[in-house]
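What follows is a set of structures to go through.
You will see two complexes here that share subunit A, one where it goes with subunit B and one where it goes with subunit C.
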Partner chain A sequence: MSAAAELGVLACGMCGLLSRAPAAPAAACPRCRARLAFRRPQSIAHGWAYLIAAMALYVPANTLPIMYTSSLFGSSGDTIMSGVLFLWDSGDWSLALVVFVASIVVPLAKMIALAALLASVQLGWRSRRAERARLYRLIESIGRWSMLDIFVVALLVALVQLTALAAVRAGPAAPAFGAVVVLTMAAAQSFDPRLIWDRERPRA
Partner chain B sequence: MNRAQLLACPECDLLQHDVPSPRPCKALCARCGAVLYQRGDGGLERTLALTVTALVLLALANAFPILTLELQGERTTATLGGAAAELWSQDMPLVALLVLFMALVMPLAELAALAYLLVPLRNGIRSPGFAEVFRLVQFASRWGAVEVFVLGALVSLVKLGHLADVEPGVALASYGALMLVMASIEASFDPRELWARLTPA
Partner chain C sequence: MNDPAPEPIPQALAVPKAGRSLPLVWIVPAVALAIGVWLALSTWLERGPVIEIHFRTAEGLQAGKTRIKYKDVDVGHIGEISLATDLTGVVATAHLSKGAEKLLVEDTRFWVVRPRISGSTVSGLQTLLSGTYVAVDVGKSTQRRRLFVGLEQPPAFTTDVPGRQLTLRSEDIGSLDIGSPVYYRRLQVGQVAAYALEDNGKAVRVNIFINAPYDRFVSAASRFWHASGIDVALDAEGVRLKTESLVSLAIGGIAFATPLEEAEPAPITSDRVFELYRSQVAAFKSPDRIADSFALVFNQSVRGLQPGAPVDFRGIVVGEVAAIHTQYDPQSERISIPVEIRVYPERFTSRLLGGAPKSGRLGKDSLFIARLVERGMRAQLRTASLLTGQLYVAFDFFPDAPRARVDFAHSPPELPTTPSTLEDLQATLVSLANKLERVPLEQMGADFTRAMESIDALARRLDTELAPEARATLAEMRNTLSEATKTMGAASRTFNAAEKSLAPDSALFSELQDTARELARTAQSLRTLADYLERNPQALLRGKSTDGQ
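What follows is the complex of A and B.
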């Protein structure tokens, strides 16, 4: 069997319905009315754009404080890494590891993997297709876990409001980190994994 | 072309023959291994039951505190809405919206949209805007992050536990249960069944 696109058959990305390629370029799925295309339009260009923006924001997300804690003894800022070290030092090694993986390893690994996938498709590599397909599925499924630290900051901020002893405020790394999560998710969603398997240059 | 017998893999575009099975199964692409479709027990009826359960849990999860902190006799509680409001007041509107979106708005949209499609469908009625609402379900399921939020609440619990008395609230248990129910919805909902019911055989 061969790829649907090679036979002029469009598969709807939303509901899976197969349609014959229509005459009009901007066609909609007859069943769920999602926009149809052989391959996601501008997949590689959009993927790179989101990815480069995410890489740029990854720097402030990790170097600036994600939260400030002030108490009677003064105020201190915590970066993501110092939050991990705090957990580690308090003896919660497993939790420290979870936060380290979700906040630092996952976004970094995801960006490297996306760059590798985009480059491999752009250069027309034909080897290791099954491995690259698995890599794509992996980064699509782990992407949301990077939100972990944002949720932690949100809850700490809500809990430790100006009580007599302490207050927690969100720091400038929070929006940067949130943007990294959204941008890497958007990059993964705009990348079309079918490009990995295409024999010729994609049509769209 | 016999459309009912053919499937295109969403991740590699390979056209392949479907071999329908009456039993619960998971169909994988022969070439790249992607999930083509998943068919659970109970079909759409079970999906609807789980959806209603999840809606109740989501309501509980937002009506009660997630965590309660007691410090020097003062008690503060955190709800999801309260957390977003506090972030907003600290000049972090985008972070506030992101938290609200991924932990509440997207899961709520997914569940409400599913219920909107499935309830009338029991009587064979196609809800107005069926196609658009179906696409909303697909979109919202990609952006919801209930399970991540649950882990975030547990991390906060441990982190603050070193400094003060922190208690998990009813909403944390509800969010935990919601996480499990939403995973079951993911496993039982087969969109192909939705469309098959609409198209008269």
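What follows is the complex of A and C.
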């Protein structure tokens, strides 16, 4: 099996036209003028950049309160974890599990998996390519589910505004958490899964 | 599809390479890191002080949930709750928000706000729904502190409420409680803040708080009294019923007033302790600052005399009975009853007379008291009420009393006494009874019986022997009487006849008149004759001359 890159052929991502790679360092599609490259340019660097950003924001997203609820009788701030613990304590184990998986496990697992993929590609590992490819597909598909928390907070903030009786405000962790989800998706997007299958180590 | 020959693959266009040495994408993690660091830093900077509060129980407290509020503003929360090392209570670790250092001074107080219902107030009802919280009252000290002991009861007033705190001393707490009202002219001006037993256990100290601006009505001369209950006074004006208010009737309270005679209120020293009187009357009784003790030895029963019984001087209460002892004198082998009294000499000093003696110390001025005794002043037990037999001690002057001296050798000095009038009366009665006892009543009775018997016999004899004779005599008498009646009738008739004959129109009467007239005429003739004879005596011899001269 040989990849397109090994044959010196470029596929246009926009219109699908194949073209031969020129000697020049950069190429464009002769039909739709879109930029062409054998692999996504700077894929690994972009991946790392987004991943590091996501990791940096993951800490405040989990330690700061994601939601402030204030009622007649006082206000309280809840972090994601305290919310999970509250659900668990009050007997809603299934719901606690869902929130725990969607909000804590999935982003964390995604970041770890992405880091592993990026590292493996950068170091040019050859083994377990099929598993790594499956892992990547999994990451891409579950990424959006992490936004569950953000949706809940957004809904509550919009709905529970009974000024005097009760009010819900988003905490500083909410944008951080949203950013974590977006950045992990961006990292997954910027990662070029074809790199897994490349025979030689990528140049960049 | 019939497998056409593949089109030749066109050559891609050569474009100039985008000249970016450092990809822009690295801005993203840089920004993310910056945000992360900023968030972490700000959170860390927002962190306020951590303090420990010692509570007796953790009732209503929830780790991580219970808020700490100052003036209803959230200033922190209880982080962890653990048992104190000596197991006497719980230690709540409180995380306060930034800037709360100002709250944490030496006399800052923490207490748990939970629903409370006491006599007059219902508080903390909102915590029924919201859950309890810890309230703070910031002190005035500048000394910083991190370890606090929480109050079990919410304080009645907070430090920032203007007013004045006073300490009262009372025999007992009565029906007072924390929060009980304090009245001034029946207006609530404060409340009871705290109370505690004195160290020796003999009295209760009650801390009250008078809100501004009413605190300026308190002066060193102010009197405080229990406003609980009803005052029923029976005096010359009839029955008077007095109470502060229905609330104080139900839950108790304290009232105070300042006597009008205190013209300029003296400032209150900080360690001044006011007396809390039992009633308004007691509060306004002029305080007896000087008390002199005397002993009175009575040789009679003191039944009905109690400690606290009044000592009066001609109706003015000047003291009270302090104690009643018994004393055995081995020399004379007599048991006497010394009664110790307290006399308040200030009550003798009159306001009416400006020149009251300045000393006024009866006990000290031995000469004065000796002179009074010399003039016959004696103590006497008198009955206050014949119904109950209550006694009181009265001083009065008995000029006829046997001479006695004040015994200053004793401490307290012993004043002479005189038997009470009742005792005198009793003695007289006893001697009378003794005399009566000596009368031979039994013999007298026997004699009397005998006399009665002889009288009876006499009567019987009279009845049997004298009665028939008497009856005969009576019959005779009756006859005699009827005779007499007849005689009387005859007499009456005679009298009637006489009366008739003597009547003016009767014949006899007119005859008598005629006779009288005749007699008068005769007399006249005789007088004429006599006159004639006087002038002419010769006529007796010659006879009457006819020529007249």
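Criterion: the second predicted complex is superposed on the first by the 176 of 204 C-alpha atoms of A that agree within 3 Å, B and C clash if a C-alpha of one lies under 4 Å from a C-alpha of the other, contacts with A are read in each partner's own complex, and residues count from 1 in each chain.
Quick note on the criterion: contacts are C-beta pairs under 8 Å (C-beta built on N, C-alpha and C of every residue); 3 or more make two chains touch, one makes a residue touch a chain.
Note that the coordinates shown come from a computational prediction; the quantities given were computed from them, not determined experimentally.
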In the superposition, subunit B vs subunit C on subunit A residues touched: B
First, second, both or neither for A:T63, with subunit B first and subunit C second: second
Touching partner for A:R33 - first (subunit B), second (subunit C), both, neither: both
Partner chain(s) touched by A:L183 [first = subunit B, second = subunit C, both, neither]: second
Which superposed partner A:L18 touches (first subunit B, second subunit C, both, neither): both
Partner chain(s) touched by A:I112 [first = subunit B, second = subunit C, both, neither]: neither
Which superposed partner A:H46 touches (first subunit B, second subunit C, both, neither): second
Contacts of A:S76 with subunit B and subunit C, given as first, second, both or neither: second
Which superposed partner A:W145 touches (first subunit B, second subunit C, both, neither): first
Overlap of the subunit B and subunit C footprints on subunit A, listed as residue numbers: 9, 17-18, 20, 33, 179
List of subunit C residues in touch with subunit A within their complex: 9-18, 23, 25-26, 28-29, 31-33, 35-37, 39-40, 43, 64-65, 67, 69, 74, 126-127, 129-131, 133
Of subunit B, residues touching subunit A in the complex: 1, 3, 6-8, 10-17, 31-34, 37, 66-67, 69, 71-72, 74, 76-79, 82-84, 86-87, 90, 92, 94-96, 98-99, 102-103, 131-132, 134-135, 138, 142-143, 145, 148-149, 151-153, 155-156, 158-160, 162-163, 166, 191-192, 195
Of all residues in subunit A, those that touch subunit C in their complex: 9-10, 17-30, 33, 35-36, 42, 45-46, 48-50, 52-54, 56-57, 59-60, 63-64, 71-76, 82, 172, 176, 179, 183, 186, 190
Touching residues (chain side subunit A, partner subunit B) in the complex: 1-5, 7, 9, 11, 13-18, 20, 31-34, 83, 86-87, 90, 92, 95, 98-99, 102, 129-130, 133-134, 136-137, 144-145, 147-161, 163-166, 169-170, 174-175, 178-179, 181-182, 185, 189, 193-194, 196-198
